[in-house]
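So that you can tell them apart, the chains are marked A, B, C, D, E and F in the order they are listed, and the count of residues begins at 1 in each.
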Amino acid sequence: MKISAFGEIMMRLTPPEYLMLEQTKELRMDFTGTGVNILSNLSHFGCETSLITNLPDNRLGEAAKASVRQLGISDKWIGQEGNHIGSYFAEMGYGPRPTQVTYQNRHSSSFGVSDASAYAFDDFLKETDLVHICGISLSLTDQTRAAAFSLAEKAHEQGKKICFDFNFRPSLNKNNEAAFMREQYERILPYCDIVFGSQRDLTDLLNMSADESLDSTEQFKKLAEEFMANYDIEQFAGTFRTRQEDNYYLSGFLFSTSGYELAEPREIINLDRIGAGDGYAAGVLLGYAENWPADKTVAFATANGVLAHTIQGDVPLTTRKQVEHIMNHPTVDLIR
Amino acid sequence: MKISAFGEIMMRLTPPEYLMLEQTKELRMDFTGTGVNILSNLSHFGCETSLITNLPDNRLGEAAKASVRQLGISDKWIGQEGNHIGSYFAEMGYGPRPTQVTYQNRHSSSFGVSDASAYAFDDFLKETDLVHICGISLSLTDQTRAAAFSLAEKAHEQGKKICFDFNFRPSLNKNNEAAFMREQYERILPYCDIVFGSQRDLTDLLNMSADESLDSTEQFKKLAEEFMANYDIEQFAGTFRTRQEDNYYLSGFLFSTSGYELAEPREIINLDRIGAGDGYAAGVLLGYAENWPADKTVAFATANGVLAHTIQGDVPLTTRKQVEHIMNHPTVDLIR
Amino acid sequence: MKISAFGEIMMRLTPPEYLMLEQTKELRMDFTGTGVNILSNLSHFGCETSLITNLPDNRLGEAAKASVRQLGISDKWIGQEGNHIGSYFAEMGYGPRPTQVTYQNRHSSSFGVSDASAYAFDDFLKETDLVHICGISLSLTDQTRAAAFSLAEKAHEQGKKICFDFNFRPSLNKNNEAAFMREQYERILPYCDIVFGSQRDLTDLLNMSADESLDSTEQFKKLAEEFMANYDIEQFAGTFRTRQEDNYYLSGFLFSTSGYELAEPREIINLDRIGAGDGYAAGVLLGYAENWPADKTVAFATANGVLAHTIQGDVPLTTRKQVEHIMNHPTVDLIR
Amino acid sequence: MKISAFGEIMMRLTPPEYLMLEQTKELRMDFTGTGVNILSNLSHFGCETSLITNLPDNRLGEAAKASVRQLGISDKWIGQEGNHIGSYFAEMGYGPRPTQVTYQNRHSSSFGVSDASAYAFDDFLKETDLVHICGISLSLTDQTRAAAFSLAEKAHEQGKKICFDFNFRPSLNKNNEAAFMREQYERILPYCDIVFGSQRDLTDLLNMSADESLDSTEQFKKLAEEFMANYDIEQFAGTFRTRQEDNYYLSGFLFSTSGYELAEPREIINLDRIGAGDGYAAGVLLGYAENWPADKTVAFATANGVLAHTIQGDVPLTTRKQVEHIMNHPTVDLIR
Amino acid sequence: MKISAFGEIMMRLTPPEYLMLEQTKELRMDFTGTGVNILSNLSHFGCETSLITNLPDNRLGEAAKASVRQLGISDKWIGQEGNHIGSYFAEMGYGPRPTQVTYQNRHSSSFGVSDASAYAFDDFLKETDLVHICGISLSLTDQTRAAAFSLAEKAHEQGKKICFDFNFRPSLNKNNEAAFMREQYERILPYCDIVFGSQRDLTDLLNMSADESLDSTEQFKKLAEEFMANYDIEQFAGTFRTRQEDNYYLSGFLFSTSGYELAEPREIINLDRIGAGDGYAAGVLLGYAENWPADKTVAFATANGVLAHTIQGDVPLTTRKQVEHIMNHPTVDLIR
Amino acid sequence: MKISAFGEIMMRLTPPEYLMLEQTKELRMDFTGTGVNILSNLSHFGCETSLITNLPDNRLGEAAKASVRQLGISDKWIGQEGNHIGSYFAEMGYGPRPTQVTYQNRHSSSFGVSDASAYAFDDFLKETDLVHICGISLSLTDQTRAAAFSLAEKAHEQGKKICFDFNFRPSLNKNNEAAFMREQYERILPYCDIVFGSQRDLTDLLNMSADESLDSTEQFKKLAEEFMANYDIEQFAGTFRTRQEDNYYLSGFLFSTSGYELAEPREIINLDRIGAGDGYAAGVLLGYAENWPADKTVAFATANGVLAHTIQGDVPLTTRKQVEHIMNHPTVDLIR
């Protein structure tokens, strides 16, 4: 199954060794983004992947493309438009000090100024079986919203699978009213086959109401089933992060034709949590592409999500061998 | 309130990534010192700050001044005297391996060889409301001791507030007898308004005796009140570090006109504990400068002290926004 | 003489060791800009300096301010406006490979979106004797142009000296016609006292015509005198870069009340030429502030300009001692 | 034209800042090799390229493939065989101190142990128009020699163009007699269309004799024409490195259907000369692929070869834009 | 007591800050190996130590020797043979992500190709009292096995003490049958005086059977006593790693003439566990060399083993002072 | 011939990539000193070497010793005394910008506070054939001067060869009058066999007068012969640095029993000139130790001195093979 994604390539700049920006002049430069993260991980799992996006026609655009290729993603559909790369600075936290992300230049980025006319969606879709669309495109700019709708429609028409990720960030939506945002999500969901999200997305964003007479699990199941029925969704997936004493645990869920599946929780040891959610998504998509039973999918995807927390940077680079290793030998801490 | 400090600027040299000196040729250079730490933090809280000290008239002195300015502290009162900067190497520990500090050249440093005549204390005091004097100046050299006494006297005369920090380090006082050191502290305390210290400073250094019939808290309160009465101290503050199973907790105390206040303990996750105590002091001084109620002060100062443990280097660089963030949203580990 | 400047603070990101962006993930971050460069240098010469500009109210703005303070420039007049810092990536060239600069985000930077209303020019001018205005502000955005005009008018009214720098970069002016740009320059020049520029600025930008019957030096002198008369300019200065065999030489000129002065050429050995022109300007302004004879000024400023080519980054950090050293001991290559 | 290559991927490890191995613990890791170098450069010129080679099935093999993809080369035909990557350490020289290369492990590398049976040459050739074979494969091991012959035969049969590179390194051939090596070269040359080499390759390796009655240029032309006639070579190319006083100059030559063409010499400023010859080869191949006139080809290829000397590492990463820039604007040292 | 070792010097290459190979181009180079680790630690404890091994006659061999000398080990007996250094890449794990070691080139290393004839064992043994032989030499190549046997025989003849380390790594023995390996171990053990190993070495490798009627401790004791009696072993030592909730603990055991001694467990905080076992061994050998009582030995060696987990790289560099410090002041986390 | 030296081990701290101290927080740490430099180079030439000096009993002393061992020098005679290491910061210059050295703490260093009683000179001398004494010890402190005299006397008595190095630095002698310094040199010279110096040392320091009727070479020869006769010197050596157009050249001289020998000048390309003089000295001592003819000695030593200019840091690390290589193949810039 050829898997592709539509989304922004961002430049991430990170000071070394938990230093804050005032404390250093050294930064590590990476290229990242939800689409990049998921496709890179799938590519490391052996899938053929491709990203459709735009970059500036300059040295930064060239460096970004080189980085995407290194991650194992085809750069064939990356076009040139606009003058900037959206970027962000990540001051890594430690213990109670939270990681602090500062964005630069997202709205006027090459991706932000590109609408549907800036992409060859028709040709692109011919070469893909499943396309991932990041929900951030609904909030970023009018152009990215229009492009996302156009792509979703075309993909749906051509019978391609669409994977959609709520990825709703209130901070990116200060200028949009809740009602407006709900409308956008309601408009795209009918085209979607696989959706990543949480209960809060259903209740707070889509305004669905939970049946408070039920216990929390049943409440969630009912909500999810209703949501999937409303929009004809094939799979709905996401993660819970729970706390026990001082420790945090991750477990992934998956609603599919075989019902509700919840993974055994795995402890999170956190080196860099940015992009860790994309590790879970990549695992679910691999299971989907290879038709795994739901229990195998959530176990693999959860293990992968936990590994993603232990990797510097946003991009999960795990191979199947690594994920299977921690599933089969959870206490081995040295492989040679 | 204009806040200033009298104290040494030291050069700190730290190997990267927990390496020991034999393992690397790379060192990170920072400039630090109790005065630098507290003022830098206050400056990040929005206060106007100024350091009075001496540096050599060479490239190291220039680099040190540049660094102090970067931290937000005025270098107007930094003079030139002597030929050396006191320095120390910090081999960062990990788990059971303690951090190892090796000093170079403290007694013959520019600060160490400067007595009262090497400073323009009178002009300096005209531009400050509160001056912090570090107790290390009482032990370092005869010259620093003389300068500290002179400054304390002048400040007291001019009606400026004096903040004093016991900072008694037996390792710096191998050549001085206990009785001699007690005398020095007893001589400076009558000039002081705010004092940072611990029960041990009162009993072991000042030779005060605890009333063993009381429980430990009452014992400490009685001691502290007696101490404050003896020397006419307005505020006496410090921290407790307690252990619960494998975890350590910090809570700050403050004796003031409104009695004894103790903060809720906060867990310490330790990236670099050197200078962390100065984070608590800066929080208390901010509360003092802005007339906060004691409970607000100890809560803020404790949170700040905990954050200071999560920052590389001695110098706490927290802003109000950051401190308030961990107070209000203690579980958020990613801000964007 | 208190010297100040109006101009942008940019973030510069540079790969190490002449690497290109595709070859590394490590970048060095500096803060720079014509105003920053000149003031920092003047501050290292012992002048009191201050920059008026705007930065975003975020971690990058804070880091930029810290860096400006480190350079010795007061951050008192740096306000908060907008969301971005203009930035550029410098891939350092080597031999025949030119240095390649890629800009990000200049038009929507905090400086780019700030017009006159975003600055407290009146209060600011009370605390300065001479203000430097960078010509780039005439081309960047409508807002920066408006702010520059407003500042020039007010400074002129209050009897402050104005230093202006043509700094005309065709690449920043693709959307403006030549006639439009000429008008802008003609509008600001009557307010100016000291101007930095070249013959090309007079002929190509201002459309003045050279008297081709004269030899090149006399041609230039006549043009410059005419220019100074037209706009009532007190000093007009700049540099020539000449080539002899494989070597390049720099010599600075200065038109002033004492006529035309040209410095002895000095060989350029180039480590990083970005910002090197600001080294010459800083030298001229020091001479102006201290009323030096023109020959002393051009000799010092040329030596300083040559030194600026040997310093990594845009910002000349030379001290008087260093400049005088290479003037007096040009063959000494090791000082200890 | 789809261009491919057969050759080894090596790991290069380089100490920073001209340090020698004893002086540092820091190394920069790159992946390189004649095929990698030429294809990467062609890929940066916009060609579709592909490398056929083998790597170990381990983390180093994965990292090497990622690096090759980043350089713009397809990794589709990179197989898994053996357990090692050939590697070398480059201690960069300075002035009279030569660069010192130390090899590790070339003969037992994945490439070294792979013979023809380890490659899918038939399928591979279907997707290429021109394949480059590095002469080092004739000397490295019996397996690489056998693989090179097999590939050359098959490519010739299928009517694909073959580019061959003498690349004769006596140090790699200590165990082979001259006669044996000549035989190998004589065996592969009849399959070749484009050959890179020098006069010394023709005389010392192939044992051809120069007509000493002619001047050196005519001598060389006669030798080259004879060589091309003998083996039915379409193009024969290479470079001369000449010295004038303290400076070195590069000029490339090309024998083709339009006769002998020699480029204007360009000065070499040397940052890292390893792999610089591959820059000239890439330029010639681009000219070949696009049917350029010979004078355009040698001028472009020579400029590219000179640029390759200014780039860290073996891999020339120049774009057409960069090469054309130094051809059209040789004195511009800063582009913005 | 002069202590020496026979074993390989390997080059270790480690990416910084927990990065994986694909994520960085920066590597840290160290030289390591069981013999290097143990001797370096003993040398830091004040012993005179010497390593006998072979290295290539090239820049890597020179760098390796320099590194060994730095660690305090004499390089007098390091000869030149072969062309390669065995090397490995260590991608440091984090939390559930295990550390991944990738070997290069071990079998064809200088050590791997050297048999007994390549060493001056007789002269070497004259200058040593105790020689450590690493069990890896029994599995690596036929040559290393032969060299190990020859050395063990000669040392035994000359009445030197022999310390042997099972160090059985199934991954290095894929081509050898279990029976074959058992035979090799059975052949060397009669020469040995001190042996490091585990219960699994006795049962799985030597095929001894445990008395299942006993509890686990008694079972182990009986096995160990039988083993020591069989081969006339003076001391048998090793470590247990146990888990309590989320924490791991280390405790060392020692069978000697005074019976079985087991150390108090100490918590392991793991920065780099590679080579940590050699820390325990070094502690036991120090106790042996200085005739300590068994309880002192296991306590010191266990503390040292725990410290070895907190040190970057394989080589424990602890001094007596450091080990004693964490034994006497386990809660002090900052020494100054 | 066993060669040893008496002199200080200093810590050198150097910013990377020609940065100045204000521009970076990263420093490279090396250990250096005239004795260290010469012995390290001799050790790389295959000689057995040993340094006698003192270091503090702390982590810096341990790191310094480890570094000295790495360089190939025995640390057997390095004692513990005092608390500090003398250190210096080297801001590397570029082109016209000179390298700037800033010293810290030399007079109170472990070496500076150690007099003769702090060394076991008698035992030390038994194990050496030739001892190098650095002239800096005559100016540094009263203690170092006393130690140097004591060592020179004892060595002379025991019939050991003494090599002495004028190394007169006016900047270290601000407090000593010229007459006083002359006396010290006159006192030590009668013990010396080999002396390194220049004409200026003879005229300015020793007050000898040149015969102005002779041409400059003859003048120098006459002075040198007189000097050698006065103090019964066996060899007197040093270097000339001459300039031709923009280039600098080095040529070494040697006065010995076979008269005056001057090497062919070699061009200097300067990466780091600190310590480069010690490269020439090491070459001369090697020739002395191996009884080379004078012409071979000056040629080798000059080539070595030129190489020393191309090596980062003070310490020349050249091997015989490297020196011979540039003598035999001066135009080869890549060895593989």
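Keep in mind that, in the parts below, a residue touches a chain if its C-beta (ideal position, glycine included) is under 8 Å from a C-beta of that chain, and two chains touch if they have at least 3 such contacts.
Everything quoted here is computed from the prediction, not taken from an experiment.
> Based on which chains touch which, give the shortest step count from subunit A to subunit F.
1
> Where subunit A and subunit D touch, do the two copies share over half of their residue numbers, giving same, or under half, giving different?
same
> Which option, B-F, A-F or C-F, should count as the same interface as D-E once over half of the contact pairs match?
Comparing residue numbers across B-F, A-F or C-F, the repeat of D-E turns out to be B-F.
> Could you tell me which chain lies farthest from subunit F when each chain's centre is the average position of its Cα atoms?
Comparing chain centres, A lies farthest from subunit F.
> If you tally contacting C-beta pairs, which comes out ahead, A-B or B-D? Let me know.
Ranking B-D and A-B by C-beta contacts puts A-B first.
> What whole-number Å value describes the gap between the mean CA coordinates of subunit C and subunit D?
It comes to 45 Å between the two C-alpha centres.
> Quick check: how many Å separate the C-alpha centres of subunit B and subunit C?
Spacing between the chain centres: roughly 42 Å.
> Mind pulling the residue numbers of subunit A that touch at least two other chains?
16-17, 20, 22-26, 62, 66, 70, 100, 270 - these are the residues of subunit A that touch more than one other chain.
> Quick check on the complex: what are the subunit B residues that touch subunit F?
Those residues of subunit B that touch subunit F are 13, 20-22, 24-30, 58-60, 62-63, 66, 83-85, 87, 89, 91, 100, 102, 104-105, 108.
> If you look only at subunit D, which of its residues touch subunit C in the complex?
Residue list for subunit D touching subunit C: 16-17, 70, 247, 266-271, 306-307, 309-313, 317, 322, 325-326, 330, 332-336.
> Residue numbers of subunit D touching subunit A in their complex, please.
Residues 62, 66-67, 69-72, 319 of subunit D touch subunit A in their complex.
> Per the contact definition, I'd like the list of subunit E residues that touch subunit A in the complex.
16-20, 22-23, 88, 93-101, 103, 169, 171, 243, 246, 270, 273-274
> Can you tell me which positions in subunit B touch subunit D when the two form their complex?
Per the stated touch rule, the residues are 23-26.
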